[in-house]
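Notes for the one structure printed next.
Residue numbering begins at 1 within each chain, and the chains themselves are lettered A, B, C and D in the order written.
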């Protein structure tokens, strides 16, 4: 795909100008860094307004079809917008599940009615989506989902519970993995995938207090909640395939298709800035050889993470183990964030005692909160330990644990 | 046991004086640091002569009975001698298996004939002992030993092989764990323990070249070797119990009973001395903050190792987990040596390229050799990985892997 | 110093200390179960004053005080097993700041100062230290807060932060600069102005900042200037030792929480404790705690022989470094190994991880201790 | 510099390079199976001259040389995949010192120097660098060896160590001090006196020390003094990059050796690869290699854009640091995971661990690279 450089430059300039003018001011409270961390209505409303503003400017869902609410523009334009938002660390697009999971899924597999019903609301953030995959007793074992969807007359009746439903209390819809067949030949074959409304009787999202002291997730209880058969997407019994496809959207070509970044992770340059600001033994921490050594390592780690994707574009450079780079990104990225934020806490010295809410907390307590939140990625979506199994087994061919 | 301080002081002075006068001079070649590393006849003869000299001076087997070759003196005297040898890093007592395993076993469980036949030769180093426990296919799984000892008329016939027989080529005797009953109810019940001669037909110790490039172990092949029934110690079928008792001698109260230290491990102060001697960025390595930090950690580690035993003497300080300190010593000590020697290699800088035998190798190449040899302890006697299982299962009560 | 350090394997532990350890273990288990800890977090006071009175009755506040002042003269090191148990139970009391303040007044106070304050402490009055400053590192000297003489009084100015239990302390030992040197001055609770409760990572703590501006106290509230350097050094070492005790106690119950979960939770059909990816780090936490306790009780032994020697400083810093390292590791792994549950406030893992941040950030983290050790040893 | 560094994600890899990589992979697999590596260790020459001739025929010795001198002008970075494959196969050849010497002569030599030496190198003549000194660190300046002018000749004195293949080199680039500055001078193989073969940890190497005393060469053998600083910098960065390539190749086959054993060996009734205590470190080695390769090919890309920029230095040092770390870890774990067999000379684990010591100890270990990186970045 060749893009006219002039057109590209002109569009980039336009985007930069728009963000120069429209980037939101500091709201005066510590914003969340991802959709999993939205703990207050104040944060939610701020983020929703911001997504709407970006959409209204024509900068979200640019490559999605016009007839459903998109703009039918080329993907490269959206990518420029997304990159600019990421670079500026602007607030993320709060309807993350909608934009990255539900939306691509519906556009890919949904009926015309579903596309018409759901896509625009995803983009405008009027219709917030959440996901119902994990269950309390089967953390890393997604295929073992036990929430029941039993046929009763013309409806499915849902019973059980889902956990880690981010934005559960704000969501209008959920993508749900549920068990329609208790006796299926294997655990995967009994699963089906649904697009369900949240605001109906028998569905109750209960906020979970995170170890950060904030909210952001729910446990969602289902007690004889009844949904229409049209909520099914894909075949009954084909839910595992739909779920895997949905996860693949996030990682694959469709990932970020809708645009708008979904997370503001810490970058090593921010830790370096912190090390310049704080002192160790009376001198800027950045002058401490131990700190320098560790920071250099983090630069190497972050650079390596970024370069893996660039290398993977050259087939001869990954052909020995083509699955390695795609399968290791989550492990390395999440552990990198955990370790780097943990180190940042040490840089704070005595000030590490202060936490979010204290006027003396450096950067508002961001570093400690980021460290604690970093576990959402080292645990969620398959723990670090499971990721290492996957690499050992699928990439290296070692026997199952 | 109260010892007269004056008597103790007088004896200590006598010992110091003797070692001042008799400590062997540098032989001009790099000595091994344990009996597992004796690679040349030159090294062996030097060590044997040294053990004999210590014995002749009355400083070995001091607490063992006079009638078998000992000196029937109090154990505290032997302990003073041993401590002095260790402190001076004098060459170790080469007949290590005899002094620490076979000797205590024979004194504890042997017949009068066996005591008369074996003990004195152990002390004089005239009769070198080796051990036949591990087998090539069952590294960490001692109870699974498969070497056969089959009754044939009045004799046992041995077939199979043992591995890691240190000093195998020099040994006159071996303590052997062999399978006398193929059909026993469980794998342990089929094992018996023997004291066997090495210099008979059908026993062939073949030296194994170690990754250091040196020798020190054999694989010992048994091909219809015939031994007398009097070689049995303990009951037929009771070999596992005898083996466990033998291992316990080494660790327990009888350990070091015979005296003479058996290994010259590296101490952190020697690494500190190395760091003073070598340069990093043109300055003594000891001035480098990263080196200092790491060395401080090693001091903490070594100190902790030493203090664990001192703490274990106070029951209230270990009563929550009394098995922890005894079970973790091997793991921590062996990994400490590996890590510290590995770090020492880094300290060598460009000179790390030189190895034992090169005139420019710092300390004769000791550090790299020590690092490589350190794996004998992280692997032998239950690998580090097995040790962690043991701690997790036996001390913490976690389920089996 | 290195060879002496390596040679010294002294750990003394008397029957009396063993009884104290045992009593503390039972007391803390009884009075500070986790649900109680969580309930106290929600309360403004942050601790249970009835339990605190019992602590005093058990003699803990007076352990390091001389008998003349109502103490038992057992020595400061004797507090180690008590504080270790409190760490185990995440128990909130004003014990640590109180005994530190008491010991400092005993060390560097005049008789006129000891007589009123120390017996009160022995009886369970709360005392504390005001050392922290807004821009402060871990060094106790070079305070921006200061006093100036004004006849028979001294006028304080500046501000102090991270002062535990300042709201209820009878007496506060405040570090200030006087004529270019660091001084310690006693301020009574009633003399303080407004206090602001600080939001700290360890929610079991009650910590305050306040301004010193406008406070004047009699000049004889200054601790003996000749003994101030000693007192500051004592504070640093004694605090490090008690931080290490608290951290190791916390790490120990954190390990218990991990083991409990690993023996309960199943994934992919097996108890998760059977997986070496969890079992082996648990074993590493175990060995870290065990080594740490050996170093800690060695430090306590040397501290009671003579707290002021370099050997004691070395032993204390080793214990602090080892304790911080294992407490941080244990807390971090506890969160991870609890999976999704570990991510919730409800899981106890966070309590231990937060406490390990607190202990690490007080009086120098592990890297800082190792730097100091290197200077002492090499 | 930090922001620029983080933003640059450039990896270029041409079809030509891909072909070269593929050819090298097959060639090395064919010519350097492990039994061949072990057989060569026992031989005095240490490498197979027929294989070396084939390397030259494949164009490897001329890849970084201009076409005018018989090279292909592909650029120095193009050597990276070749050297990586050689590391994989633990292949012994004089390639690395030869191409380094060639590139240095091309960079800082006069026409009169390039003309005789470079075409020979392109054809497979051996060249090498004599940089090491007995008391030497990793810095290439400040040589104790020196030259003094004596009319049209220069007289050398001092000694050099760790010179690869000095016994067969046609030409040796020797670092010396001249008038207080570092200079590079060309010495021909026939001009050397006695050579002593050194005993080095990586037994696949052939390395020598020799005295320079008594050697005189024409003064026009000095490389251009105006370009010497550049040449030294080039040597350091190019060497680091090739060390990284070799180390990563070695780590990669070390991982293959580990995986092979973990899929073969049983203990306690299970294939040992099923144990997470072995599987997870294997996965960590994998990710270390993968990240390292990304950094390496980025470095190679920048090197061929302009080797002399700070961005290239940063990229090269990152690759070297990452490569050393993973190669050391892989070799160390390979020994451990092979159990008793790992302790034997027969097990290939030691070959990789020894090589990782060599690579680490050349031109600065990982910690040294990170120090330099910090200075460049922060």
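In this text, contacts are C-beta pairs under 8 Å (C-beta built on N, C-alpha and C of every residue); 3 or more make two chains touch, one makes a residue touch a chain.
Being a predicted model, the structure only gives us computed values, none of them experimental.
Colleague: Write down the chain pair with more C-beta contact pairs when B-C is set against B-D.
Modeller: More contacting C-beta pairs are found at B-C.
Colleague: With chain centres set to the mean of the C-alpha atoms, which chain is at the far end from chain C?
Modeller: Result for the farthest chain: D.
Colleague: Round to the nearest whole Å and give the separation of the Cα centres of chain B and chain C.
Modeller: 43
Colleague: If you average the CA atoms of chain A and of chain C, how many Å lie between those two points?
Modeller: Inter-chain centre distance comes to 40 Å.
Colleague: For chain A and chain B, what's the span in angstrom between their mean Cα positions?
Modeller: Roughly 55 Å separates the two chain centres.
Colleague: Two-or-more-chain contact residues of chain C, please, as numbers and ranges.
Modeller: In chain C, the residues touching two or more other chains are 275-277, 280, 367, 371.
Colleague: Can you tell me which residues of chain A touch two or more of the remaining chains?
Modeller: Correct list: 289-290, 293, 385, 388-389, 401.
Colleague: Once bound in the complex, which stretches of chain B touch chain D?
Modeller: Touching chain D: residues 134, 136, 138-141, 163-164, 208-213, 217, 279-282, 290, 338, 342, 345-346, 348-358, 360-361, 368, 372, 375-376, 378-380, 383-385, 388-389, 401 of chain B.
Colleague: Give the list of chain D residues in touch with chain C in this complex.
Modeller: Per the touch definition, chain D meets chain C at residues 275-277, 280.
Colleague: Per the contact definition, I'd like the list of chain A residues that touch chain D in the complex.
Modeller: 267-269, 272, 275, 286, 289, 292-293, 295-297, 299-311, 313-314, 316-317, 320-321, 324-325, 328, 331-332, 385, 388-389, 391-393, 395-401
Colleague: Can you list the residues on chain B that touch chain A in the complex?
Modeller: Result: residues 288-290, 293 of chain B touch chain A.
Colleague: For chain D, which residues are in contact with chain B within the complex?
Modeller: The contact residues of chain D facing chain B are 132, 134-139, 161-162, 198-203, 207, 209, 267-268, 275, 277-278, 328, 332, 335-336, 339-340, 342-347, 349-350, 353, 357-358, 360-362, 365, 367-368, 371.
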